[in-house]
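All chains are identified by letter, namely A, B and C, in their written order; residue positions are counted from 1 within each chain.
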Amino acid sequence: MHVIREDGSLDPTLDPGLSIDRVIGLYKAMVRTRVIDDRLEKLQRQGRIAFHVGSLGEEAAIIGSAAALREHDWIVPCYREVGALLWRGYPLQRYVDHMYGNADDPLRGRQMPDHTFSRAHRYLSVSAPIGTQIPHAVGVAMAARARGLDECVGVFFGDGATSSNDFHSAMNFAGVYQAPVVFLCRNNGYAISLRVEQQTAVQTMAEKAPAYGVPAVRVDGNDALAVWQAVGEGVRRASGGGGPTFIELMTYRLGGHSTSDDPRIYRTKDEVESWRKADPIDRLRKHIDRRDAWSDDLDEDWRAVCDAEVKECVRRAEEKPSPELRDMFTDVYAEQPWHLREQEAQCIEGPRARDDEEEP
Amino acid sequence: MARLDFKLPDIGEGVTEGEIVEWFVGVGDTVVEDDPMVEVMTDKATVTIGAPCDASVERLCFGVGDVARVGQVILTLESEGASNVDSAQRSSRPPATAVGDIQDHVPGAGLFTPEEVPTRNGGGRRGSVRPAAAAKRRSLRTSAESVGQISYFQAKPLATPATRRLAKDMAVDLRRVRPSGAGGRVTREDVRAAVRGQMTDDKPHAQLEEREPLVGMRRKIAERMQHAKTTAAHFTFVEECDASRLVDLRARLSDEASRRGVRLTFLPFVIKAVTEALKRHPVLNAEVDEQTNELVYKKYYNIGVATATDAGLMVPVIPGADRLRLFELASRVEALAKAAREGTLSPGDLRNSTFTVTSLGKRGGLLATPILNHPEVGILGVHRIKDKPVIREGQVVPGKVMILSLSLDHRVVDGHVGAAFAYDVIETLENPERLFYDAL
Amino acid sequence: MTEMNLVQAINSGLRDAMLADESVLVMGEDVGRLGGVFRVTQGLRETFGADRVLDTPLSESGILGTAIGMALHGLRPVSEIQFADFIYPGVDQLLSEAAKYRYRTAGEFHVPMVVRTPYGGGIRGGQYHSQSPEALFIHTPGLKVVCPSNPYDAKGLLLEAIADEDPVLFFEPKRVYRAVKMDVPDDAYTVPLGKAKTVRSGEHVTCVAWGAMLFEAFSAAEQLAAEGIDVEVIDLRTLWPLDIDALVESVHKTGRLVVVHEAPRTCGFGSELVTLIVERAFLHLEAPPVRITGWDTPFPLTHEQEYLPLAHRIAPALRDTARY
C-alpha cells in the first residue's frame, strides 16, 4: 500500500485527508528524530555514550504509527522507537540523561542506553530479548477491554521477532481473544545481519497473520501517510471490537543494527544507496513541497533548532553526576527485603571497584 | 584554550584496540565539531570518528597502520570548552554494549602462568605446587611441632564450630585436648574435661602415670617463674659468712623477745642487714621497666619474704621494712608466714616488693640459684647456719657459718656491684652491732 | 470453618479474592470449563464468567506473557501452569520480564501477578509431572516464591500473594492436594509472606522443609522422639524472601540443621539455606548441616519412593546429625 506517489501527489483512493499542518508536524518529528540519531551516533563514536540504536530510514514507520495511535492508546516498543516516545512529548533532556546513565536517568543507570519507558506516555519498557514484549501488548489490550476501556495497543517488533516463541504465542492469543492490538512489524530487511529471506520461507511477514485469524496489510513503511492510514484503520478496527490487525511496514534500516554493528560486512553499498532514494523523509518532503508549504530555509532552520536542542541536552547531561550507588538496590521488590538491605549496606560500606580510566 | 587528549573510545561491542586507517586531519589543522578526524578499523567495524568540538589539531599520536588501544590518546586538540568532552570521555567507560563489555585483559590474569612442563628426567610432575602454598604448609607444620607438651594433633584439631567456640571461651588449646569423639574429634565434653583436669589417656603407660592439670596457684607460679627466667639475665653470687656473733646476739635477745611475745629468728637480722645495704647499693632496689626501657630506682624498701605453703611458693611483702625495728620485723615476718600458710593473705600483702629474701630452711643445700621475683633485680637466698670449722687467728676453731646465695639481674647489676652488696650484707651479719649504729 | 483439602482451600482463596477484587482473574490451560486438571479452579467459571476465568491456548509463554501485560495495565492475573514441569517455555517471561519490570522502570511499572503451579513427585508422574523447580525462581531477583504445605496456610498465603505488588510463584504440593484435610475459615484471611512456622519445637536438631516434604520431616521427627532425640521442624511456607531469623534462631538453639527438599541436590535451595546458616550461625554448629534431597538425576518413575527424601531417609539423617 502506497499513498504518496512518485511525484509527491497522493493516491486519491487512500488519501487520509490530513491537514497540511499535521503533515508538517509529522515531517518535523521525523527530521528531529533523525537529527537526534545523528548526534547520538557521533557521541558514541567519540566515546561519550556507550551505545545507541538508531532509526535511520525507518522514521516514517515509527512516527507514522505513533501519530495514528490515539493519545490514550498504548505503545509497546521494541527498541528502535524512541521517536514514537518523543512524538508523545517525552522530554528530550530525560532521554539524553538516560543515554548517559546519569543521576537524572529515569532508569538510574540500570540499563544500557535506549531502554526507555514512560507510564505517563503509555509507553512500556524496552527489553532486549526479542519478541518478549508482544504478549505483553496482548495482555495490556485484554486488560483494557476487560476493564471496559477503549484503549488499543500498538506493538512494535522487527522482522526477526516473527521467528520468536513469543510472537506466535502473542498472535495466537490476540486472535483467540480478539484483543485490540495493532501489530506493527517493521520489516527493515535485516535482523542484525540476517536477511529477511533467510528469516522465513514465506514471501511476506503479513501472510503469517491469517494463520492466527488476524487480518494483515502490507504497507510501504517509508510512506508516512500510508503508515498513518493503515495504522489508523487498525486502531479503528480494534477500538470497534474488530480485534487485532497485523501491519507489515516495509522499510529499510539505512544504518547499522546499532552503533556496535558494521553493516558493510553483510550488505553492499549499492543496496544501501538504492534505498537512500526511498528515504522516508525525502518522500514526505516531496509531498509537502507539492503543497508548497515548506522551504529549504525553513528546513535548515528546523534542523539547526533540533541540533541545538540536543546539543544543549548533551551539555547538561555531561555535567550531571552518576546515580547514587544505593539506586542499584531499590525497585527489585515493592519493599526491600532483608537480604537486599544487607547487601546494599555491604556494597556501600565495602571496597569500591576503581573506576578511573586505565592509562596505557 | 584547553588541551584535550582525545582517547580512542570503545566504539562498540567492547573492542579493545583499533588500527588507524586514515587521518583526515593534520597537525595545525582546525576542525569544526563533527568534522571527520580519523578512520579507525576494529575487529568489529571500521568507523569514522568526528571532532568532539571546534579545535585545532596539536598532535597526532599514531601513524596510519598503527594499532591504538582503547583509552590511549590518539590525538591532542587545542580547544575552548573541551573539558566537558574530556570528562564525558573519561566517565563513559561503557557500562555495557550490545554483547557486553568484552575485555582482553582482566586484573589478576597473570595468575595463570604456564604450567611447569614435565622434565625429561624428572618423570614429570602433574601440576605444580606453588612455592607460596608449599611454604604455607611447612609453616603450619612447624607451628604445630613447636607446641610444647602433649599435642594430639599434627595441625588443626578436629572439632565442630560450637566446640571451638567453647574452647575459645574457656581458654583451652584444642590441640592439647585428648579427643574422644568419632573420627578423632574433640567433643564439648572433652573440652570441659580438659578444664576439670580430668583428661584421661589410653596410651601404654597411662595406668602408671598420674596427671594433674596446671591450674590455679600452680599455673600462676609457673607463669611467673617462666617469665622471670626468660626475661632477666640471671647470675648467682655465693659467699659464706661467719655468723658466730649473730648467733650470740640472737641468743642474748631471745629472752627479751619471748617476754614481748616475739619469736625471734635470724630472718629479721638478715632483712635489716639487707635494707641497710640496699640504701648503699641503690641499683639492687630497682626494676627494669621493659615498656619504656628504663631503670626505675625505688626509694622505698619493701621486702618480699618467700614462703613455702601447701599451695606453693608465695611471697608476702613487708612494706617499709627499713623503718621497722628488729622486733617489729620479727613479728611481721611471723604474722605473714602464718597468714600465707593459712591462705588468709590479702592481695595487698603480695604486691609491690622491691627486693626478696628467701629463707632456704633446714634443707637448704650447699648453695642455691634463686629465681628473681620479677621485676625485681635481686633475691637473697639465706641458707641454714651450720657448725663448721673456721680458722680464726691461725687456729682452727668451731664456727657458725651461713651461706648466702644472691641472684641478680645481670642486665643492670654488674658482677662487682653485686659482690659489693653481698659483702656489705655479710659485714653487717658478721658484726651485728652495726644494726644498732642508728641507736647510738 | 469448613473442613477442606488443599484443592478446596485454594479454590476458596481464589473465590474470595475474585469476589473482593474485580481486577483478579484466573487464566490457564483447562482452568475454565474443566476446572483445571486438578479441579483447583472448579466452579469459578460458573460464578465469575469466562471473561474472568480464561481457558487459554496451550502456550505457557502466551499465558505468562499476556498475564504480565494485564498486570502492567492494572489487573491481578492468577495464572495456572498445569504442571511446574511445563513452566519452562514461559520462563523467559518470568525471568527476563516479570522479575525485572519494576527494576528496569524504576518502579513506574510493576507486575502484580501470581503464577500457581502444582509441583513435586509422589503421584507416579515420572519425569514431567514431578519436578520441583523452585530454585530457578529463588535465584532470580524480583520474584517471590511461596510453597504452602497445608490447606490453612495455602488459602492465607494465596490471598496474601494475590494482594502482593510483586510477581509471586505459588508452588502447590500436588501430593498433598487431597491428602490433608483441616478446618479452614470460609472467609478471607491472610498468612503473611516471608514468615516461617515452627510446626514442632525441639532442642536437638532443626529440620527445615516445605510443601509435601514437611509431612515426611514431621513423621521422621516423631520417630526420633521415641529415641529421645528432640527435633524442631520448621515449615518455611515462603521460600523467598526467606524468614532467615526463624532459621538462625532455631539453629542457635539446636546447633544442628537438616534441610529437606524434593528438588535435585546440587544448587538446590538447600545449598543456599546451608550457606546462610554457616555464615550466620557458624559458631553454634555442633554438626555439619545436611541436605536430604532428590538425587541429581531426572525424576524417575518406578523408583520414585527411593528418589524422594521421605521419612525413611530423613530419620537416619536427623539421628546422625543429632549424635554427631
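One rule holds in what follows: a contact is a pair of C-beta atoms (placed from the backbone, for glycine too) under 8 Å apart; a residue touches a chain by one contact, two chains touch by 3 or more.
Here the structure is a predicted model, which means the values were calculated and not measured.
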item: If a chain touches chain A and chain B alike, it appears here; value: C
item: Higher-contact pair (C-beta pairs counted), B-C versus A-C; value: A-C
item: Central chain (by mean CA position); value: C
item: Chain centre separation in whole Å, for chain B relative to chain A (CA means); value: 72
item: Centre-to-centre distance between chain C and chain B (centres being mean Cα positions), rounded to whole Å; value: 57
item: Distance from the mean Cα position of chain C to that of chain A, given in whole angstrom; value: 40
item: Junction residues of chain C, two or more chains touched; value: none
item: Of all residues in chain B, those that touch chain C in their complex; value: 160-165, 182, 188
item: Chain C residues touching chain A - in the complex, by the definition given at the top; value: 23, 25, 51-52, 54, 56-57, 59, 61-62, 64-75, 77, 89, 92-93, 96-97, 100-110, 141-142, 144, 164-166, 194, 241-242, 244
item: For the chain A and chain C complex, residues of the former touching the latter; value: 106-108, 110-111, 115, 117-119, 124-125, 127, 129, 132, 134-144, 146-147, 165-166, 168-170, 172-173, 176-177, 330-334, 337-339
item: Chain C residues within the chain B interface of the complex; value: 255, 282-287, 324
item: Residue ranges of chain B touching chain A (in the complex, touch as defined); value: 6-13, 34, 44-50, 52, 69, 71-72, 84-85, 87-99
